[in-house]
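In what follows, a single structure is set out as structure tokens and then discussed.
As written, the chain order gives the labels A, B and C, with residue 1 at the start of each chain.
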Amino acid sequence: MTADSRTATTASANAAAVADFRAQARWRWYEPLFWLGAIAWYFLFPTYLSLGTQILCAALFALSLDLILGYGGIVSLGHTTFFGIGAYTAGLLAKHGWGEPITCLLAGGVTAAIAGWICSFVIVRVQGVALLLVTLGINLVLYETANKAYTITGGADGLQGIAFWKLLGVFDYDIFGRVAYIYTLIVTFLLFLVARRIVHSPFGLALKGMRENWKRMPALGAALRRHGALIFVLSAALAGLSGALLAESVQFVALDSLGVQRSVDVLTMLIVGGTGVLYGSFVGATVYMVVRDQLADLNPAYWYFWIGLILVVIVLFTRNGLVGAASDLADWVKRQRGGGTAS
Amino acid sequence: MFQGIVQVLFDGIAFGMLLFVMSVGLSITLGMMKFANLAHGVFAMLGGYVCTVLMHRAGWPFLATLPAAFIIVAVASVFLERFVYRRMYAAKELDQVLLTVGIIYMAIAAAAYVWGPEPQAFALPDYLTMYRHIGSFSFSTYGALLLVLGTIITLAIFYGLERTRFGAMIRAAVDDRRVALGVGININRVFTITFAIGSGLAGLGGALGINTLGLDPSFPIEYLVFFLIVVSIGGGGTVKGALAAALLLGLSDTAGKYYVPQTGAFIIYAVMLVVMLWRPNGLFGRT
Amino acid sequence: MTTIALATHALNKNFGALKVTQDVEFELPVGARHALIGPNGAGKTTFINLLTGMLPPDSGTIELDGKPVTDLPPHARVKRGLARTYQINTLFPDLTPLEAVTLVACERHGMSRQWLPPLSKRKALIEESYAMLNELGIGDQAYRPTRHLAYGHQRVLEIALALATHPHVLLLDEPAAGVPAHESGILYEVISALPKEIAVLFIEHDMDLVFRFASHITVLVSGRVLRQGPPAQIAEDPEVRAVYLGTAVHG
């Protein structure tokens, strides 16, 4: 420490401090690319709209998990619990006479949020491997319950015979999935904006604190139980909304909406894409779903091999998935060019 | 009624022994290197395939395939540990989980490619499919085999851990890795050998258990939950814990199937949840 | 209006058969610069953990500003003005010092659960955080991730985080641990420049630092308070010397 490293506290230094936070929240040049790409998909791949809708739902689901995991540092192996609750809520409402899409969507989100609030109490009791298992256990118990309660849920056959009404009273769900795609895209974008706000809010900073040093937080005045409840509510709501969205687009709720396989899939997407970087969930979901779509048709066994290999390679050789690798590469290039701003 | 209880006890403990043999390696590994190896089931699966290949292609008798499964899987595991796992001991547990998930995926695909996706045809030798009677109780010779072998292996493990020098090194490494290193124990070697033994036992269990659990490429994922439950309920790093948890699980599952068959797997998941919330470090784990 | 900032009465803690804290009566006056010393294993860090609420005592009470806090969880005690630092840096590796201190400021203002408004709008809070970093001499490190900071700077940040809660009692667990001798003095000047209203209790092994900065010393041995008093008195106490130098003290 130098003898006098105190910089003069001038107004400009203060302004720089505020500007630092603002800079973090600003839109990067590559961000609109994804959304433009999603719009272009509609025109370029009209026969793949249902895949596109599934990708968007998966990306939103992965984003909801990233909030808890990438930003909050809480590792959950059972996030599908909330996805499934949202899907079944929307589906059951429609099956029993209320098929208005937007209210069903919101109902899915609210029910999942309540479940999230209930589940949040475990995270202050258990951490680490035990948390992995408790979250997994909750997921499994719910799955088995849905499986056995086939009079309500349709069991292994899934919830069938649901029909959602016209969107906004005007747009009917068409067999090409056009309405579903546009609707999903708009909802996903809006929820993405919400997630962006969360990340750059005071709570977003508290989340990162929980990830970086869980133990220190109470020693700084943070009530972890309430922070945990809030992030579980927000994340579960987003997951439930993504589940309800999917139910509305395919007009069907499969039992695997609650399956552990989906929990592992979404974790895979996040690891492949990169955690704690907002767009990791989108990149990961796109890569995963596209590769699966292309390869799984050939032979289900081959698909498993390649996704396993991608996972192993990414975990062994990259710091934080594809987005992390891209950003590391960008830093390296900047340094090779003679160092831009070193910080 | 009484007969039913004895039946459940017998089958439940036999099943528990099987689970113990398959899971004990995972428990020690987790305790020693704090490494969450979810791909443990791959070794069990491999042992099962060794057994069926030797029996159907080479005509080996069933019992002879058991030590073969142990040895072959143990050797194979050394390569995995040496070249892949060792790089990840210091990694975040999420990364470890996903690395091992990737390995599971690759193993499932490879098994389906080599042996096909259908369940393997398997028949126990005649002397193991019989039922014996003692008084009014009947028990299967297969169940008796599980009990006997399980007991022998359990005793061997306890003896090995408590009475041999290598066992002492294992216990030291689980207890406090840094200090063990400090007193000159070659942690890497201890770990590799322990890992091999644990994986070999999983392979042995996989072969032993084909009759009960079946064998097809999705085995590692299907039974992953069982292993995780045994390890979590027992508390990582303790053989006692793994035994207690495996027996608890075997008994609950068997009792559940016997008395309330419609609840299915529900019971063991609920048991796991309750235990994890009550004792997050497992029944025998330490904080 | 009490002049005792922090007090314990008959505080006891056992780990099984091991008595780590035995019947400790302790008072920390407002504005104190109080050192807690003792041989390794005396239970000093345990005592701090009891004071902050990380460990529940087996018996006894703890009072902050005259009010009992024995049943309050750690974060509630922080809100009442009790803060601590750790012997081993317990920081946020990927956050910058500015982010870390801002985080604490948000907690203090009760806005840490606001999830919609942008953080960058809270100008006063950010500027206040930056100003604190400057005053502690690490303002020029404000934008680097904590894990890239030099160890000495990290130790200062360790204190900055606790200070950002605006405590009136500050517990420092070996603040100069691992800091080279020529830098630890600067660290302690930071401490002695703290507002007079804050009561400071620090665990320290370096006797030079203890005698330079402490107005009062408590000696803890095997969980018991051996002696409490002003430095001069402690320095000459034969029992204290025996504990530190061994019983073979002649003349």
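We adopt the following convention: contacts are C-beta pairs under 8 Å (C-beta built on N, C-alpha and C of every residue); 3 or more make two chains touch, one makes a residue touch a chain.
Nothing here was measured: the structure is a model prediction, and the numbers come from that model.
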Per-chain Cα mean versus the mean over all protein Cα atoms: which chain has them closest together? A
What's the chain with its C-alpha centre farthest out from chain B? C
Please work out the Cα centroid separation of chain A and chain B, and write it as a whole number of Å. 34
Averaging only over C-alpha atoms, locate the centres of chain A and chain C and give their separation in whole Å. 40
Suppose each chain is reduced to the average of its Cα coordinates; what separation in Å results between chain B and chain C? 48
What does chain B use to touch chain A in their complex? 30, 36, 84, 87-88, 91, 93-95, 97-99, 101-110, 112-113, 117, 217, 221, 225, 228-229, 232, 236, 262-266, 269-270, 272-273, 276-277, 280-282
Across the complex, what residues on chain A touch chain B? 69, 75, 77, 122, 125-130, 132-134, 136-138, 140-141, 144-145, 147-148, 260-261, 264, 267-268, 271, 275, 300-305, 307-312, 315-316
In the complex with chain A, residue positions of chain C that touch it: 52, 54, 73-75, 78-79, 83-84, 86, 90-96, 98-100, 102-104, 106-108, 111-120, 122-123, 126-127, 129-131, 134-135, 137-140, 142-144, 150, 152-153, 156, 161-162, 164-165, 183, 186
Touching residues (chain side chain A, partner chain C) in the complex: 1, 5-7, 9, 13-14, 17-18, 20-22, 24-25, 197-198, 200-206, 208-209, 212-213, 215-224, 226-227, 230, 234, 343
